[in-house]
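The structure under discussion appears below in the form of structure tokens.
Letters A, B and C mark the chains in the order given here, with residues in each chain numbered from 1 onward.
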Amino acid sequence: MTDLSNKDIIVSTRHLSKTFDTKVATEKGWQQKTVKAVSDISLDIVRGETLALVGESGCGKTTLGRILSLFYTPTAGEFTINGENVVGLKRKQIKPLRQHVQMIFQDPMSSLNPRHTVEGILTEPMKIFGTASAEENRQKAGDLLEAAGLPREDLRKYPHEFSGGQRQRITIARALALNPAFIVADEPVSALDVSVQSQILNLMKDLREEFNLTYLFISHDLAVVHHLADRVAVMYLGRIVEIASRDSLFNNAVHPYTRALLSSMPTITPNKGKIGKVLQGDPPSPIDPPAGCPFNPRCAHAADICRQQIPALEKSQYGESHQVACHLKGELI
Amino acid sequence: MSTNSVRSNSPFLLAMRRFKRHKLAIASLALLLSMIALVILAPLFEQFLGVDANHVDLFNQKSAPSAEHPFGTDELGRDVLVRLMYGGRISLFTGLIAALAAATIGTVVGLFAGYFGGRLDALLMRFTDSVIALPLLPLLIVLAAIDLNKLGLPASVVESEMVSFYRIIIIVALVGWTTVARLVRGATLSLKQREFVMAAEGVGASHMHIMFKHIFPNLISPIIVAVTLSVGNVILLESVLSFMGLGIQPPMPSWGNMLTNAQELIWDAPMLAVYPGLLIFVTVISFNFLGDGLQDAFDPKAEV
Amino acid sequence: MKRFLLMRGLQSLVVLAVMSFVIYGLIGLMPGDPIDLMISSDPKMTAADAARLRTLYGLDIPLYERYWNWLLSALSGDLGYSRLFGQPVLDVLFPALRNSLMLLGTAFFMAVVIAIPLGTLAAAKPRSATDYSVNLLAFAGISIPSFWLALMLIMFFSVTLGWLPAGGIAPDGSGFVENLRYIVLPAITLTIVSIGSYSRYVRSSMLEVLRQDYIRTAKAKGASGRRIVWMHGLRNAMIPVVTILALDFGFLFSGALVTETIYSWPGMGKLIFDAVMGNDFNLALVALLFATAVTLLGNLLADLCYAWLDPRIVVGGDET
């Protein structure tokens, strides 16, 4: 593990796993299958940092994000927020924790209730958690809206009167309503036009400074990640395969998967860093993960040990803070 | 970024604007509103014409229209116009209340089934399917034929004037809730997937809060459509039961029970058999057009 | 698939069993019981006599026991005696059933034969004058009170024109034409109401199908527009339509009750009505159960059609 003993850790997990039971259509009818969405995640998130989580769709980043924002309960492992255990809690016990961690959702079209006004949307968390008067709540809602870059008068409007980017600002304002320290942003700009993306990213940057926020930034877009992240974790088939500071990852990627991703980016400009058809072969399915290293079927360097043993996430040749899960690390150029 | 004019742009008003384009639905609405107005004013007509809806006059049976009785008299000498108006009151009122009662039951069932899913959903839906699979009219007839004394109700209740009215609302609601239940369940299931539901959970909302403050407001449009469309059916059911003597009991008039003796009337006073049925037909078809128009207004993507 | 059939069949049986108890209880709540009727026809009967007779007829034992006794007899083939007709219940039931099927079959057939072309025509030219007129007619069909329609038809064809009888059924041994004279009006009444809902189903089902890609492909390949509509579309749209028709057959059964009563058509519907109104407990009970069974069967058939179409529905349990 990275030595963060002298740092203020806000969120910590050890060997976190999440499996789902699902029914899959086969010729024999429906069969019960287990999906290993997330496996053996051990992570420490430092207060004030922005940790990015990248990977292809299906890699488990959204699931991990939802676990960390208290929507899913982990199947195994430990998970603490501010040092307090979060696993195995009932719904009532989780409620107070929601003041510490909030989520920014991906789809601006569906994350706001079309029947509520902006004021209603923003004051809802306040009413649930606090006993302030309606006037005080409205005042605070207006403050949040302005912090998110929208005029106070927009409080009385309905979501459909706003553009996608503006709705995302409202979502961000809502996430701030309870003064959380930790925010999980699940692909917050993926559904927005390119021109609007940088606006929202800059907003998130400003708010980070203003409110001393810690972000878990989930994205499949490496260019966006480069813009905002302090550290980057790369996920594949439910596991973290590499984690490092932003510069170390982009300049000194070790894991073959990370390198494949980066090599598909001609230049680091927005929208060109998308993880698309980078690699050959079929995208992995979390229902039947291969034995050994999850990446071995698509890895050009796969050796026998790769097919037999799952590599642990350990320090690389670049130091404690740059970790890789690969048997062949150090041997690859 | 423009700031719009002061008027509110709630989704409801947008739907209303779409609704205005449906001429047939607007016409139906106008017709129904005037009809409702007329039947509410029935007592005034009574006074104006100087007749009493229940006044039996055996010397003036089945008379042709006259100054005193604009629509003539029925087989007991009662004024037809005023009875039609009072009958309309009962039929419309019963229809609306029964439809609302059925919709309430259906909404609760569908909302809980759709929101909680799992075993509760399976149980509720099996039950709903079973009720749907029953023969409607035969069962209604049996329910309507029950001797209330045997149920243990006090004699004062059983003999009262309003009992047939309550009874018919109850039994129609007992069988009519299933359509709304299915509709609401489907809508709830799809609404549950929307991110704003998860967002509400994220800010600490309880299940009840989510169901009634988030999901239910988005259910109102489909419920309104379902209720409007079901009023027609309910009116038809009430009229059938009243026609057979099992619904609204005379002397309280309803369009249905005004036709009870129609099979004999068609031989010498055919118009008496025409008016009530015609009114039922026009009312029901108006509700259907209205419901159709509302459906298009609220959800233009859905093709009927 | 077999498992599904079994489950659904079982579910229907359970519903039928539960309903048999419910109906038994409801019938018991109907006004008057046999002893009261006896008392009213024989004023000399004393309270003691009445009590003795009650015990004799088993009317003083609790509901559950009475139900259980009835169930045992019923399952062994003894369904009781009809008071109104003075015959065993089954002897009354089967002729009525035959008459109902005759009427329903005719009406069903006519409705389907008319509704399918109508609905297809409307779907082929959406938002055209044809579409709107068909829609209007359909709305009229579902909005009209069937008993009033029956009255109007009788008024016109029997009273005014004198062409057709105002009710009843052709006596046994009548020729085809004679039978036709009696069946025409009730069948037309049922047909008009059914056409209303069927043509709308056909229309929406066809619209759904016409929207699908392969129709566009067929058009691109050059098949003439009309041919596409009738061949490809019809075949595929018929599947959900058949399903709904299977469902509706059960409903038709209960909907015909009013029509049969007005036309004095001696079918199951009229039987139920007469039995309930005449307080003939045995007959009412069995007839109602029968109606329930038929409707459940219709539903089961419809579910089978759905399942046959879309196997996913079968095992997935409850989908949206």
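To be clear about the criterion, contacts are C-beta pairs under 8 Å (C-beta built on N, C-alpha and C of every residue); 3 or more make two chains touch, one makes a residue touch a chain.
If you're wondering where the values come from, they're calculated on a predicted model, not measured in any experiment.
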Innermost chain, taking as reference the mean of every protein Cα atom displayed: B
Chain whose Cα centroid lies at the greatest distance from that of subunit C: A
For subunit A paired with subunit B, centre-to-centre distance based on mean C-alpha positions, whole Å: 51
Rounded Å distance between subunit A and subunit C, as computed from the means of their C-alpha atoms: 58
Between subunit B and subunit C, centroid-to-centroid distance (C-alpha), Å: 23
Residue numbers on subunit B that touch subunit C, as the complex places them: 121-122, 125-126, 129-130, 132-139, 141-143, 145-147, 149-151, 186, 189-190, 232, 236, 239-240, 243-244, 259, 262-263, 266-267, 270, 273-274, 276-278, 280-281, 284-285, 288-289, 292, 303-304
Sites on subunit A touched by subunit B in the complex: 69-71, 95, 98-99, 102-103, 105-107, 110-116, 124-125, 128-129, 150-151, 153, 156-158, 160-161, 166, 171, 174, 177-178
Subunit C residues within the subunit B interface of the complex: 11-12, 15, 18-19, 23, 26-32, 139-140, 142-149, 151-152, 154-155, 159, 200, 204, 207-208, 250-251, 253-255, 257-258, 261-262, 269, 272-273, 276-277, 284, 287-288, 291-292, 294-296, 299, 317-318, 320
Contact set on subunit B toward subunit A in their complex: 1, 3-4, 8-11, 14, 194-196, 198-205, 209, 214, 217-218
